[in-house]
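Pasting the structures in now, so scroll down.
First chain A sits with chain B, and in the next complex the same chain sits with chain C.
Up next, the complex of A and B:
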């Protein structure tokens, strides 16, 4: 077995978690073309409960070579394979690292879960948690561990706030309050709003650019 | 003021290693040792950016098999050493009133996926973040006396 990839800094690993339908896959679809166009070599691992739906969606989307996308069926509560026993995901990431030796970054999308879902830092170096405006203005107040402990909180679908009666300013204030100064970014992944801010965090905190 | 930018790509050794200790001591004498403070969980990260005790901006990218612990040296030059200082883990110590309370408390902590340890009749919760977030979720136990918080 070739273990040379273990003895030098390998690709960084970013986790993306959050509830079902919040926009995790849409976020990946928004950031992948921008990362690729700036020369970042990418791999993607997605988790689904009993299918590989998200992996198939990314492969079919044509944004990235399909062989750089792996689907992992977690077969249980999604948080178990990103926190309690991340073995399946570690194996998938290591497969990508062995297959594509020039990778700079692996994105790992968790299956949709609840607000208590968090990533083990044995699995990823840095992680984002995606919630969406449609789930209600009270989500930050519930102070779920996912929302509190992530490195970057993303509040997605800001465009629908007038239609679901959510005061975006109030939501922003509460999200920033419960995060205690840690970053929060508001996005509309469909039209790219806020995506450059997300990328700036990734480039600075994980890809360690500008050094 | 210019912020120094530093890069670390390996764990060079430990500050107690015979070969390295003297170099570190010499740098300490001229105030050229900087520390990065990490929690036990954060030592698992392999790509991260952190501010040192002297305000330098330090980018760390390590091999997956590197081991980071208290005293790990990640930069060692003629000019400076950068050393990991492990933050002490904070614990919330709880004592249930009786067996029923112990069962309920154990279930509650498990349901919230908290990391715990047992010490005699105490249950210790490892704090990851603000203590108030934990106390809020224990308010019913603490409020009716089923569980007592130990502070001594």
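Up next, the complex of A and C:
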């Protein structure tokens, strides 16, 4: 497999950030089986905010071997551990790399945070920011650094737009405008809509498969 | 400006850099039992936090961390004495009862060694290789001794930074747990400065005489192990 090694040896690393409950874990649950079935060797690190729920949910879900999932506590500082002080996350990723020597890719889920959270490129190679339709149509307009600087913006839960009174066409137009030509994908992690598109980005931009 | 005062400024800046909570060390993830004591209601005021930090300084840092720190610093002065570092690590490990404290100390040690390896601090890479290959443990106090020695910090500077960052880490955890505010935390750090000075003015215990007695926080850390909701890793 042809992998992107931007500036370090070892597996590629993808960060997944975004507000609490936007669907970061659901996105991981949607992409993991598809990546595994195409032979990508995976590891996962989660930065749960208060509980170990995400790490436990992924371990128990049967999608991936539990020993390939690590939870890292962040002392109520989810942004610090992915940017100013990513040391514990780096150590966790390097532990996975040493333990599973044929790892291709590590997914790192940040603890739910605000729109200003961004990843250090010393920690990950490429990162996605997940927002959701339920948070309101004005989220893209708020132009947080998270949704502006990410490599791929995901607008999740498109299925609930009629129930929360969000005009999905208007939201799409605005999100694309704010991103200034950088990619945005609209997903429904429950039924898999948009997920193939996300995978295509990962394959092209991170796994460098069609190069 | 004279050459001498210039070099004083540089060494002062070096101390500030390594003692700054901006230095990436993973410290935000650790509460040393404070979260558990806060959630069961036994620590909920300025006075309680003061007592807690005081007991961490006197009951754990002064007798154990400090002994390990100073001997690790000495073991790295000319040439890195890996055998000695391995011994000190084992003493630290044996004297730390709660597994979350041992794990936390190893993770924090790995974090600081990882950063110093990338910064190419002299003497650190070899020790880290021993750890990665399973031939050394890499506890925080031992790693700090090695990293600070390699960074040109004196033994007293190393002790001050280690004690001060412990106090700041605990005060900051107390703020995040909602027990004290930003002004109280500064009074606390200042009060603890006097205690740090008292401790460091006495000779450090020899490593063979290292000791530790912190039953309340040890039990709190053990309870933390089985706690459902937690922000901190210990």
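In this text, the second predicted complex is superposed on the first by the 202 of 211 C-alpha atoms of A that agree within 3 Å, B and C clash if a C-alpha of one lies under 4 Å from a C-alpha of the other, contacts with A are read in each partner's own complex, and residues count from 1 in each chain.
We take it that a residue touches a chain if its C-beta (ideal position, glycine included) is under 8 Å from a C-beta of that chain, and two chains touch if they have at least 3 such contacts.
If you're wondering where the values come from, they're calculated on a predicted model, not measured in any experiment.
Colleague: Fit or clash for chain B plus chain C once both are placed on chain A?
Modeller: Partners fit side by side after overlay.
Colleague: Name the contact category of A:142: first (chain B only), second (chain C only), both, or neither.
Modeller: In the superposition, A:142 touches no partner, neither chain B nor chain C.
Colleague: Looking at A:49 after the superposition, I want to know if it touches chain B, chain C, both of them or none. Which is it: first, second, both, neither?
Modeller: second
Colleague: Please name the chain, chain B or chain C, that touches the greater number of residues in chain A.
Modeller: B
Colleague: Quick check for you: in the superposed arrangement, does A:10 touch first (chain B), second (chain C), both or neither?
Modeller: In the superposition, A:10 contacts chain B only.
Colleague: With the two complexes overlaid on chain A, check the angle at chain A between chain B and chain C, Cα centres, nearest 10°.
Modeller: The C-alpha centres give an angle of about 80 degrees at chain A.
Colleague: In the overlay, answer first, second, both or neither for which of chain B and chain C A:180 touches.
Modeller: first
Colleague: A:80 contacts which: chain B (first), chain C (second), both, neither?
Modeller: In the superposed model, A:80 contacts chain C only, not chain B.
Colleague: Which partner does A:88 reach: the first (chain B), the second (chain C), both, or neither?
Modeller: Once the two structures are laid over each other on A, A:88 reaches chain C alone.
Colleague: Just how close are chain B and chain C at their nearest CA atoms in the overlay, in Å?
Modeller: Least C-alpha distance: 8 Å.
Colleague: For chain A, give the residues common to its interface with chain B and its interface with chain C.
Modeller: Common to the two interfaces on chain A: nothing.
Colleague: Quick one: which bits of chain B touch chain A in the complex? Just the residue numbers, please.
Modeller: Touching chain A: residues 5, 7, 9, 41-42, 44-49, 57, 59-65, 112-113, 128-130, 133, 136 of chain B.
Colleague: Which residues of chain C touch chain A in their complex?
Modeller: My answer: residues 22, 24-31, 107, 110-112, 114-115, 132, 173, 176, 228-233.
Colleague: Can you tell me which positions in chain A touch chain C when the two form their complex?
Modeller: Checking each residue of chain A against chain C gives 49-52, 72-77, 80-81, 84-88, 90-91, 94, 98.
Colleague: Report the residues of chain A in contact with chain B in the complex, numbered from low to high.
Modeller: 5-10, 12-13, 79, 83, 116, 118, 120-122, 125-126, 143, 145, 148-149, 180, 204-208, 211
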